[in-house]
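Next up: the structures, one after another.
Two complexes come next, and they have one chain in common, subunit A, joined by subunit B in the first and subunit C in the second.
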Partner chain A sequence: MNSFLMRSWLARALLFAFSVIIAAFFVTPLLWLITAPFNTQANLAVTIPSNPSLANFEAVYNNKFAMRALFQNNLIIGGGVMVLVAGVATMASYGLSRTHVPGRDVLVYVLILFSSVVSGTAAMVPIFLLVFRLGLIDTYAGVILVMTGGLLPSAIFIMRDFIDSIPRSYEEAALVCGASSLRVFRDVALPMVRPGVVVVAIWAFVNAWGAFLIPSVLLRSPDRMPASIASYSFYTEAGTPNLTLLSAYAFLYTIPVLVLYLIVNWRFGFRFFGGIKS
Partner chain B sequence: MTQITFEHVVKRFGSVTAVNDVSLTVGDGEFVALLGPSGCGKTTTLRLVAGLEFADSGRVLIGERDVTRLPPRARDVAMVFQDYALYPHMTLLENIGYPLKVRGVGKQERVERVTEVAQQLQIGDLLDRRPGQISGGQQQRASVARAVVHQALCFLFDEPLSNLDAQLRLEARAFLKHLQHELGVTTVYVTHDQAEAMALADRIVVMNFGRVMQIGAPLEVYRRPANTFVASFIGSPPMNLLAGTVDLGRGMFRLNGEEPAIDMSALFRRLNGKLTDGQTITLGVRPEHLMPQIEPSPGAIPAQVYAVQPMGGEVLIVVRVARKLVSVRLFRDEPPDLPHEVWLVPDLNMSYAYDADGNLLQ
Partner chain C sequence: MERKHAIFPARVGIIFLTPALLFVVVFLLYPFVRVFLLSFTNQTLLGTTAPNPEFVGLDNYQRLFDPDRWMRLGEFGSALKITAQFVVGSALIGQAGMGMLIAWAFYRKRGVLREVVFTLVILAWIIPETVVAFTWVAFLDWEFGTLNSVLDTIGVGRPDWLFDRPLQSIILFNSWRGTAFSMLLFSGALETIPPSYVETAEVVGATAWQKFRDIFFPLLRGHILTDLILITLWTFNVFTPFLLTGGGPAKRTEVVSIYTYRTAFMGRHEFGKGSSIAVVMMLINLALALIYLASIRRRRAT
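And then the complex of A and B:
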């Protein structure tokens, strides 16, 4: 009996220790991200700054290249991808959900399969050639189109779940009321799938926000580089990061995404996470 | 003049024929109920009128116009759905006014007409609420209001009462019948509840497996079911059906080889020439047309009492006849004092015989 209690106590202690290690693994970088930017002499250690200052932010603010990357280029690329992916995915998945095309489900699954198996990295050379032929190298449009293409299959897959969950009778009622198909989509279907549109839009924005590879291959001029590439301006020429400034820049880099989440949480309450709202 | 006409309409879903060669006419201002078990094609028939499904062959006419290939918005019908289909993101004012908005009616007139209809349906003070904030009965009225707010050519109801509790359903039933009378608009009403169809409709269309089994006024269908399917579907409890063989020479009916044979010469005389000796028929008698007696008599069917159920205004007695359960209805409140062995005297004027295919012999 005693040994049984002992063993269960030991098991719980081990589980606890294990959880602590896992938690530390994920929490420490976040702690560093919060503390380091306010430390004028930041290193890789997590230390609460004895003399917190905003000097790092001032230095970052004076780096015009990095600031434009973050507050102009990233917003243009992220916003463009967000609007295109959400718009096209909503209409495409509505069409796929509401019409009877033979082989429709097969088509959707093949799309998903291809987008997850054939990654953007593997297709980079043909994509580059295609964009080059289209004359879209070193343009926002080229980056936005390529990223939209990469995100669309998954976005359509997510949206279809939302649209399939809406009873047809809402749209049928509008049809009988005298509305045209386009009007039914605008007045009835679209407002009802809005939570799904928001999920897909945010997901697309976050993906575009953090993207590195596609912009680094398709963009040339420093004026158009997004923040993920601009962060290299805080490395020395030998490739050593200036942690002090880099941490402040990373801090600013995360803020728009956080703000977006908070706004959505406030407007929609995140009730749509975990699938379908009843 | 809005009559709805079906001419040999067929609708298939894959290998299933949902509507199989249906022809019927709903007269101007008439209230017709489509009645049948689930999967019988009644809802598909209604959706063919609305334009939510298109016929594979045959024609659908609203008034004089062939609408077989027309989309819903070209048909000018109004429909109430089983789940009401009120748009959750719109207020009741916007919901009820939606058919007007789509038709380009100005905002001012829209508000006036919606308010008028809503007051008539006693939901006038809920117009700024959303569907999620009102009760099921109010939602039902709101969906009816959306249907009547513009003068459609006909009303289509798809089981509009099935989501209400029993008490509300009775109220809504009377309300719908009253409303249809007042407006005088041609109405097609789908239900699986035979009592609802009887109570509401001017005529009932009984359907099964996509086919029309019988069309007639409620009492006509109740009194003289055209086949055993209608007999067993209409009435609560339904008509008693007893299979047996005919002995024409002696005027006797033998219940599935059971003894004794029963004298039915009066019924056989009425069906003069329709029966052959030794033919297997099904005898159909409504529960209220069986009289239980405590003594045997010619033409009485021997039975054993199984259960006596007082219902308030009537007494329902279930008895066992030739190993089958048979219902007997007495219009009295006090249950009678019956011995275990009883004899049932059928009213042969109200009894019917069906052939081996289940069709009425007459």
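And then the complex of A and C:
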């Protein structure tokens, strides 16, 4: 074997070994989520169940509180955030792209700056009091509005990339024919940016779906808790988790995220959409 | 950015922007101003100071920075120190390091290996945070956890991760959780490098390290800076470790975000003091965000 072949073979072997190590590190913490839900005797170990069964799911299904969290509260919150973020961000980025509003650059600057500054637990202190004053503590509306406010700046940047990339000639033609600006937006521009709207909507939904901090601060009654918090209902008073039920519930809770990831990956290719530019 | 002509008059633009502006003013600008005002009061959720908070001047800040106690576990200085270790370990070393390694290893490569590795890294990033916290509690368990089974097999022993090495645990966890961002950013950035540069280097027999040092690193310096600032900012604010350790044991993983949460939303619900912590956090965020914006602007200008 000559040295060139030798080196290329070595490079392949190295890449393979590297991939195995990285893949192992990233997959092993998740194995429990795949094995435990189907094991009626699940503990914290990863063991392939000898009699795989759906009994854990049946028991979870009978927990009305947890089911309502997943199939009602999560859908209301996720759906509300999705509609608001996609709608408001599409309008805003369309306005930014197609008009010269005075102070536009300042607005964009403020958006980037404050979306990074006012975030996380630090922002929750004033936001809790604001929501309290608005009388929206323990309401879906409070959670949806606060989440929308937090996600909106990034959504506008994602959306702006899509809108800047569509040609303007159709809109200009429609204007010449006498269409109103609302009609141009709705009937000409919107159909062309539909992929962008879908991406932003899915992104907002997945973010709202997994959120823990905001609902845990703003909600009080068990009836309205989303799945991230309802998961803790599978803990006893003493703080020990019922692992069979917890794992099955976590599994159900994760499926929508995986499905949406697959859809985005298949339709658009999972990549950065806007926002992050060097 | 090139300036294109407007299609609609500014008045139409304002109508399109109004809903977004309302959200930005109410949920970003107002809280930012309000938190400063709150930090000078003794506002609480319950008790007499709930309806009628009093102005207390710099009291809250003096309590935070009290030199006699601020470095004790469970106090502000200690939380800042733990946060610094957490950011350096999990973001700057863990996420950026692994992200760069993976992106570089698969530079100009396609195929099954790349798909598998990228998908797994992305999954760790997108699965809901409570779910990954549960799977990590299982993964790190002293008796049954997969990590200790592996370590035991290769004869390294069985550390009680969440009890004896809690900070290392959340650093490992957050490296795993967030590597996807750096990996995607760097692999996108690598694609912008003209192949001819690399081919020329290969013809003259450059080693992998020389290629990295002389081609990739100088060309990617901007992307690396962007990545490091953003992941520092996010890791500084991240709350997910709370779901793994609750800040314990004995406050040894109490990063600033958890410290804020415990002060304002647990126990006595001290919003005044919580606000003063939030002010310090937001000022740090502001500094990082300004560095980020300045670095983008400088690169756009050149």
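Just so it is clear, the second predicted complex is superposed on the first by the 234 of 278 C-alpha atoms of A that agree within 3 Å, B and C clash if a C-alpha of one lies under 4 Å from a C-alpha of the other, contacts with A are read in each partner's own complex, and residues count from 1 in each chain.
The rule is simple: a residue touches a chain if its C-beta (ideal position, glycine included) is under 8 Å from a C-beta of that chain, and two chains touch if they have at least 3 such contacts.
From a predicted model like this one, the values you see are computed outputs, not experimental measurements.
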Subunit B versus subunit C as contact partner of A:Y253, first or second or both or neither: second
Touching partner for A:L75 - first (subunit B), second (subunit C), both, neither: neither
Contacts of A:A45 with subunit B and subunit C, given as first, second, both or neither: second
First, second, both or neither for A:E172, with subunit B first and subunit C second: both
Touch count on subunit A, higher of subunit B and subunit C: C
On subunit A, the residue positions that both subunit B and subunit C contact, one per complex: 172, 175
Residue ranges of subunit A in contact with subunit B within the complex: 167, 169-170, 172-180, 183, 187-188, 191-192, 194
Sites on subunit A touched by subunit C in the complex: 15-16, 18-19, 22-23, 25-33, 36, 43-46, 87-89, 91-92, 94-96, 98-102, 107, 109-130, 145-146, 148-150, 152-153, 156, 168, 171-172, 175, 181, 184-185, 206, 209-210, 212-213, 217, 227-229, 231, 241, 243, 246-247, 250, 253-254, 257-258, 261, 270-272, 276-278
Subunit A-touching residues of subunit C, taken from the complex the two chains share: 4, 6-10, 12-17, 19-21, 23-24, 26-32, 34-35, 38, 43, 98, 101-102, 105-106, 109, 113, 116-117, 120-124, 126-132, 134-139, 141, 143-147, 149-150, 176, 179, 184-185, 188-189, 222-223, 226, 230, 233, 237-239, 243, 257-258, 260-261, 264-265, 271, 274-275, 277-278, 281-282, 285-286, 288-290, 292-293, 296, 299
Subunit B residues touching subunit A - in the complex, by the definition given at the top: 50-52, 71-73, 76-79, 81-83, 85, 87-89, 98-99, 102-103, 146, 156
